[in-house]
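Listed after this line are the structures, all set down as structure tokens.
Shared between the two complexes below is subunit A, which pairs with subunit B and subunit C, respectively.
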Partner chain A sequence: MHRFANPARFLRLAKVILPYSSGIAVLSLGFGLWFALAASPADYQQGDSVRIMYVHVPSAWMGMFCYVAMAAFSAMALIWKHPLADLLAKATAPVGAAFTFLCLVTGSLWGKPMWGTWWAWDARLTSMLILLFLYLGYMALINAFDDPERGHKAAAILALVGAVNVPVIKWSVDWWNTLHQPASVVKMGGPAIDPSMLLPLLLMALGFKAYWVCILLLRGRAEIAAQKIRVIRMAQIHAASRGE
Partner chain B sequence: METISGVLQMGGYGGYVWPAYGVSAVVLVLVLVASLISARHAEAELEQLQLTRRARRGAGRDAAAPDTAMVESPE
Partner chain C sequence: MTRKQRRLYFVLLGMVTLGAAVALVLTAISDSLVYFYSPTDIVSQRIPEGRRMRIGGLVEEGSVKKDGKAVTFKITDITNAVPVAYAGILPDLFREGQGVVVEGRIEKDGLFHASEVLAKHDENYMPKEVAEALKKSGQWNDGKQAK
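This part shows the complex of A and B:
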């Protein structure tokens, strides 16, 4: 793990991975959209509204996946003082927030025709809304300090504490009576969903995952450059004050 | 033409399906563009800083004390 701790190594690795991750993202989202919107059947109960699921479900997975990644990076930063972990946690937050937001919006757009309501204060929906607020809180906190290191530390602690919410989201449909349907893909005894619908779902999920890798690399690069700029600026100020 | 309007109608759910995909596309493209811009911007600024620093060091090397030339020049 520490072999990747070196920023120079990260930059070299990013250069190698970025073409592949963007290629995978474009291809799987391209084919995924084709199957999601055209080449898959309408549901016998939901009609064509089932097509919303092909963005909604992968977005929900990504919203939770990004949070777990952010909390894991934060733990690495707090425990091992891993120099890149803070930057990667910070780079993941906006992607997770975007997918959580999309999960809520697309869920709402599906809920209106299917449930007859845009929103319900049930366990699954509410815990997902809390996830969005955790992301927003994390992003606000990490930029709230003049000293970036203090911001990173405070935000990392928030990320770890908030991680309790992830299993709550996952099992909310089993623990409480909710409007939301239980899991149909990741469950005991295999997925309870037709292959013609599973294919676009998995393609979109793969595309979103590759998209996250791209954004992580780009934002990681930006954060490393920003850190180097800070160091040079500090040295300049230091040199200038000694020179007087 | 009929197929196009059929695709747009989405069996009566067009008003829900298309906004769902539209919002998703807009949000993901915005995050991507913002990330690209921030990476380009930060890397360009860093390169500029490193260039000027190297230029100053290069100028200092002509003088007797390379590392302190920049710092002590006002004296």
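This part shows the complex of A and C:
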């Protein structure tokens, strides 16, 4: 792990990975959307409304995946003081927040025609909303301090504390009666979803993950640059005050 | 023990403690996290008249009677059934044998007067042709669940 904590090595690695991850993102999102919107069959009960699933479900996965990634980076930053881990956690937060928001919006649009309501305070929907608030809280906290060190530390602790919400989201549909249906893909006994519909779903999920890798590398690069600028400015101020 | 190790154990211990605390709290308030009760809960717990609640179950086969905008049907979990009266627009997925959640209260006439009917759908997704082929070959399990 320590080998990758070096910013110079990260920059080199980012240069190599970026073309591949953006290629995978474009291809799998392109094919995925084509399958999802045109080539896949309508559902036997829900008709064409089922196509919302191809955005909704991968977004929900991304919301949880990004949170786990953010918490893991935060743990690395707290325990091993990796210089890069804080920056990567910070870079992941807005991506996770955006996908969580997308999941809630598409879920609401799907809920109205299928369930008959835009929103229900059941355990799955509520825990997903809490996830969005955790992201927003993290982003607010990390920017709330003048000293970035302190902001990173406080936000990392929040990220770790909020991580208990992730298993609650995943198993809320099994632990309590919810309006939301139980898991279709990641469950005991294999997916309860036809292969012709599983393919676009997985393609979309792959595309979203590749997109996250791209954003992580780009934002990571930008954060490193910002830190360098900060150090140079500090040195200039220091030099100027000594020169007097 | 190095400082890194100490921090590692500190974070792990914190996570375990927090996880245990949350698990205890969620177990304790489990009853209020439930979005709806089953017809069996209603029958066995003798919930008083006039209390607002939600019941979830399947629409009993052959129980739906429509009279203009007014609908009556029975909501069942196979073991027990509760008669429901509703006046309003039903969701698209509402049909016999389908899961629904109704919100309302039991009135003096013994009927559950619903102010809202929500359809629940199951976790199975398949094209129409596959559903028909399954029904034809007798492998169809109706996707019925008591929940």
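Here is the rule we go by: the second predicted complex is superposed on the first by the 244 of 244 C-alpha atoms of A that agree within 3 Å, B and C clash if a C-alpha of one lies under 4 Å from a C-alpha of the other, contacts with A are read in each partner's own complex, and residues count from 1 in each chain.
Keep this in mind: a contact is a pair of C-beta atoms (placed from the backbone, for glycine too) under 8 Å apart; a residue touches a chain by one contact, two chains touch by 3 or more.
Just so it is clear, the model here is predicted, and its values are computed rather than measured.
Asks: So in the superposed three-chain picture, is A:178 touching just subunit B, just subunit C, both, or none of them (first/second/both/neither)?
Replies: In the superposition, A:178 touches subunit C alone.
Asks: Scan A:116 for contacts with subunit B and subunit C and give back first, second, both or neither.
Replies: Only subunit C is touched by A:116; subunit B is not.
Asks: Which partner does A:42 reach: the first (subunit B), the second (subunit C), both, or neither?
Replies: A:42: touches subunit B and subunit C.
Asks: Show me the subunit A residues, by the header's touch rule, that subunit B contacts in one structure and subunit C contacts in the other.
Replies: 42, 113
Asks: Where on subunit B does subunit A make contact in their complex?
Replies: It comes out as residues 7, 10-14, 16-17, 19-21, 23-24, 27-28, 31-32, 34-36, 38-39, 41-43, 45-46, 49-50, 53, 70-75.
Asks: Which positions of subunit A touch subunit C when the two form their complex?
Replies: It is residues 41-46, 50, 53, 75, 78-80, 113-117, 120-123, 160-161, 163-164, 168, 175-179, 181-184, 187, 192-194, 196-197 of subunit A that touch subunit C.
Asks: Which of the residues in subunit A end up touching subunit B in this complex?
Replies: Within the complex, subunit A contacts subunit B at residues 33, 37-38, 42, 47-49, 51-52, 55-56, 59, 94-95, 98, 101-102, 105-106, 109-110, 112-113, 211, 214-215, 218-219, 221-223, 225-226, 228-229, 232-233, 239, 242-244.
Asks: Would you tell me which residues of subunit C are touching subunit A in their complex?
Replies: Within the complex, subunit C touches subunit A at residues 4, 7-8, 11, 14-15, 18-19, 22, 26, 30, 33-38, 56, 89-93, 101, 116-132, 147.
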